[in-house]
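Attaching a single structure in structure tokens format; questions to follow.
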Amino acid sequence: MVRSVPPLLRLLAWVFVALSALFLIGPLIVVIGVSVSESRFIAFPPSGFSLRWYQAVLGSDTYLAAAWLSLRLAVLVTFSATLLGGAAAVAIHRRRLPASEAMATFFLSPLVLPTIIYALGMLMLWSALFGPVSLLTLWVAHTVIAAPYVVRTTLAVLADSDPFLEEAAATMGAGRLQRLWLVVLPQCVPGLAAGAFFAFNLSFDEAVVSLFLRRPGLTTLPVHIYNQLEFSPDPSVAAVSTIMIAITVALIVIIDRILGIQKVASS
Amino acid sequence: MVRSVPPLLRLLAWVFVALSALFLIGPLIVVIGVSVSESRFIAFPPSGFSLRWYQAVLGSDTYLAAAWLSLRLAVLVTFSATLLGGAAAVAIHRRRLPASEAMATFFLSPLVLPTIIYALGMLMLWSALFGPVSLLTLWVAHTVIAAPYVVRTTLAVLADSDPFLEEAAATMGAGRLQRLWLVVLPQCVPGLAAGAFFAFNLSFDEAVVSLFLRRPGLTTLPVHIYNQLEFSPDPSVAAVSTIMIAITVALIVIIDRILGIQKVASS
Amino acid sequence: MANLRLRDIRKSFGQTEVLHGISLDIPSGAFISLLGASGCGKTTLLRIVAGLESTTNGTVEIDGRDVTHLPPEKRDIAMMFQSYALLPHLNVAENVRFPLRMRGIGAPGEQRDRVREALETVQLGHLAERRPRQLSGGQQQRVALARAIVSRPKVLLLDEPLSNLDARLREDMHVELIELHKRLGLTTLFVTHDQEEALSLSDHIVLINEGRVEQEDSPTEIYTNPATPFASSFLGAANLVAAVVEDGPGGPVARFEDGQTLPLPEGCHLRGPVTLALRQEDIGLFAADETLPDGRATLRARLGTRVYLGARNRYVVHLGDTRLRVLSGADRTLEDGGTVQLGVDPSRIRVLPAPDG
Amino acid sequence: MANLRLRDIRKSFGQTEVLHGISLDIPSGAFISLLGASGCGKTTLLRIVAGLESTTNGTVEIDGRDVTHLPPEKRDIAMMFQSYALLPHLNVAENVRFPLRMRGIGAPGEQRDRVREALETVQLGHLAERRPRQLSGGQQQRVALARAIVSRPKVLLLDEPLSNLDARLREDMHVELIELHKRLGLTTLFVTHDQEEALSLSDHIVLINEGRVEQEDSPTEIYTNPATPFASSFLGAANLVAAVVEDGPGGPVARFEDGQTLPLPEGCHLRGPVTLALRQEDIGLFAADETLPDGRATLRARLGTRVYLGARNRYVVHLGDTRLRVLSGADRTLEDGGTVQLGVDPSRIRVLPAPDG
């Protein structure tokens, strides 16, 4: 196998690594820096060091209410997206959904879907069908966006698995439910875990749909951050952002401990 | 191979298909419906039929300016993300980037990155380093977000390709550049095409980063749509959204004609 | 341990019928091979016996009980898959114990004993705690075998279980499978495309060609008396030569396209165009001026390429426009390109109907 | 067509040295096999000749010119890969033409003629317009072969090119490769783990074991006179039996662990613990009360499992605690489990130093 890389490609690859390091990691570091600033204004580089903005966030009812809503929403979405997406993946893998090939293509859609247009349409559709939006609306919208990722990660795991395992279990006397529980589910676990992780993050961080579907009492954390920035920007926004980054990193560490990051990354 | 699906899973899979049909396709149909409404207000179901909002969009200098900016940006991002992401994929595939395993994991980041936090950090970082934001800022930010998708699609294609092709070409007398041009590039094409498609869409549709980095003269189409909705909502927004949906669909058809959607979907 | 009876099994996928009515009667404790090329339907037949595939027509009886419409988990069988199909999230002992758990055979303590015994049978007692992915291909194969025999199924089904092993390991496994079958006496149905494997292992071979039983007999019988050109070329890789049978002065003779003739055994009743099946090892090679041993008929042919095989040589010889392969001892080496005599014992010639007549 | 000379080739990957100084002198037009188990370093050696792998020490000379530090595209070689490595986006003719284009051999018209000729050599002229993925494995293998010979390279390198083909196709390809080599006379280096393939094809076999040349000789010589226990067991799968050589009244004898003795050929000068190499086909099986033909020494052994192979039987026999495999004709069948005599021609016994002495 060729291990060397043509110099031109190597140069471009390094440009990409440098760009990513600077402009993907950099912004996050800036946010973390601002969060421990003493200043009342959002400014970089930060002046002084204090944790006052963390105190402000943790003492703010609106922040806590928004965080609680976001957390409930993300957990609901993780659950529904993993359940439905996992089931759909098994059905697609076994070519039991109509036009499974087309379905697989279709599941690229979230990446292709103009979110802002989708959010607008969802608002109009829901209002026309069911009246005012609620947590249920956000749950449905996020599930529909997130489940395809679970489908993809689970399909990737299934593609690498032995297609004869379930049949083998049948010849060993395992009935339907036993096969589902003892063979199919364990096979899917790494894909489901990766998909669940994506679904949680996607819902927890999603801003556009939530922004369109907001109303008093239905303000998620990203929407609250956005409002705060628009109307009274201060480093508390950076503090809550840092907490959100920490949650994401913690989730990655947990998944790595349980499953090994390689399994998840490759799915 | 097992072809049957346990009834419970089949039921869940169908729930997902139904949900997707209603709440993924539904909103887009609503938008298209509203766009041909005669009414001056955004309302569904639409009243009457007219193309006046399309005329309004095509006659509006601000819409056209925003569309032109979005198009230029998307083309630039497609170019840079495909070039850098493709090169990085080859380098990662040949384990020539430091900690290639970790890199592969790292490239999940866009899906995990809280966009709103990233956008805030990018604004602060750029301002601190280079002063006012410009098209270049958006270009860099979108490239950093989009290139990982190119990396993933290209890696998927490379994983399926014969690792000995380039060596075989060398033993047949092909020099470095000939191998790059005649062997490596043709191998990567389906992945690059899929990645380019994602990069274009991602940049063309992206709203959050563009919203944070907006300033007069730097308003992309999604940002303009958002502004319009906030300040003077009318069905012209639906008309321009329909045009954007049409562009996406047209791109899918073109890619399907050239490469076959299967190749792209599976990468 | 039970007998297995198949009655007129037919199977269609869409418009294509892949099994055209197969009936088999397999006595208790027999080791039967289903032998055929890939795509001949042998695996489909095995899967029908397992209950993994439905039948379009016909019945499957195990031990006198009609199981045609029972799902696999309700049939008292065990099957070994080509890919081994070990459960990757369970260790070796848990894999082997799986059929006992599923079928509710024995208390936990007894299950553990049976697992240990089965693993010791395949000499893997020391690897009980390993995960399948930590094992070599040969070891995985043994775990799958242990898992298949642990529940003492009425019928043991083996789907090309040795095809992923290398030649040396396969040769060892042949001996072990024979010894295992002698000891346990499980009714066994073995699917393979490898004629040597079928000959080595079975009491009885069912040769399948395009969804039909081509010939069914003991290994010795099917090898020495193949009934059709297909059987001849599949078993033992015989040379098939077109000829015309005529009545000569001393009995029937076969005339080849180049005019040479070969006496045939007295018992040959076919006349007209036929196919002669001549095994590689039944043709003797002699120098052009040599005197042949008694009883051997002779043909003149041109010697082609020699392939050295160590213990033997394989020669390509040209009889007119027909290429024949001949195996001969390594002791004598003949000159390339010259004329040679082929010495054939008429009793070793199989005369078969020509393909189109 | 050119000679190839390797001088003290060493290769390390990290701390591990995989080639421990290999020197070879390959005359122009020879067909040389590098034979060894997987992981022995034979493929690394081939890749060093191709320039795909650098050397840690030593030189590679093609036609008297030192090419050690030239990249592969500057060496006048062609290589055939195990995976065939056909370019999937080019059709068959474009694939075969690729080396001519890259090396700038001939005008377009002449290139087309040479491509046509190469494809006809491998009998694939009719498939010139197909894409590689539309071809069977055997056809892809032929396209790769055509592509390797079209530029008439100075050295042709073949890396297990037949290992993905099934047995029947491989047997045919052996004959074709021998005939192709006779016609073109390209200096060829062939890597394989299959002893029969090496014996069949080569003028000369280089047996490699753990990065060293174990033995190097003509196929006949290396098969009949293996120099080490490794060579004996690798070539012809001989039985290796531990014994002690003593001086008996009539010359040297080998004493086995069960006390039986076997006379050895006069020329044997080793004494003390040795390994005897006895080929499967050199051991005769006789009933316990039978009189052996002249010149055969006899050993008493217990008969184990019989494996029927059609033309032959393979028996497992137990000589004390040692299991021997014996090939015998299918004509006679012996009873399982009884005592038999093994008849051995002393001149066929190879006496080799014991592994640890």
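The chains carry the letters A, B, C and D, assigned in the order they are written, with residues numbered from 1 in each.
Operating definition for what follows: a contact is a pair of C-beta atoms (placed from the backbone, for glycine too) under 8 Å apart; a residue touches a chain by one contact, two chains touch by 3 or more.
Source: prediction; values computed, not measured.
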Ordered by label, the neighbours common to subunit A and subunit D are B, C
Going by the contact definition up top, give me the pair of chains with the most C-beta pairs touching.
A-B
How many Å are there between the centre of subunit B and the centre of subunit C, using C-alpha atoms for each centre?
56
So how far apart, in whole Å, are subunit C and subunit D when each is placed at the average of its C-alpha atoms?
27
Per-residue multi-chain contacts in subunit A, two or more chains:
164, 167
When you check subunit D against every other chain, which residues touch at least two of them?
none
Draw the chains as points, connect those that touch, then say whether the picture is a line, ring, star, complete or other.
ring
Name the touching chain pairs, please: which are they?
A-B, A-C, B-D, C-D
Going by the contact rule at the top, pick out the subunit A residues touching subunit C in the complex.
161-162, 164-165, 167-175, 178, 182-183, 186-187, 189
Subunit A touches which residues of subunit B in the complex?
1-6, 8-13, 15-17, 19-20, 23-24, 26-31, 34, 42-45, 83-88, 90-92, 94-97, 101, 103-106, 108-109, 111-122, 124-125, 127-128, 140-141, 143-144, 147, 149, 163-164, 166-167, 176-177, 179-180, 184, 197-198, 201-202, 204-205, 207-208, 222, 225-226, 229, 237-238, 241, 244-245, 248, 252, 261-262, 264-266
Per the touch rule, the subunit C residues reaching subunit D in their complex are 168, 171, 174-175, 178-179, 195-196, 199-200, 219-220, 223, 235-237, 279, 281, 305, 307-311, 314, 316, 330
Flag every residue of subunit D that touches subunit B in the complex, lowest number first.
50-52, 71-73, 75, 77-79, 81, 83, 85, 87-89, 98-99, 102-103, 147, 151, 157
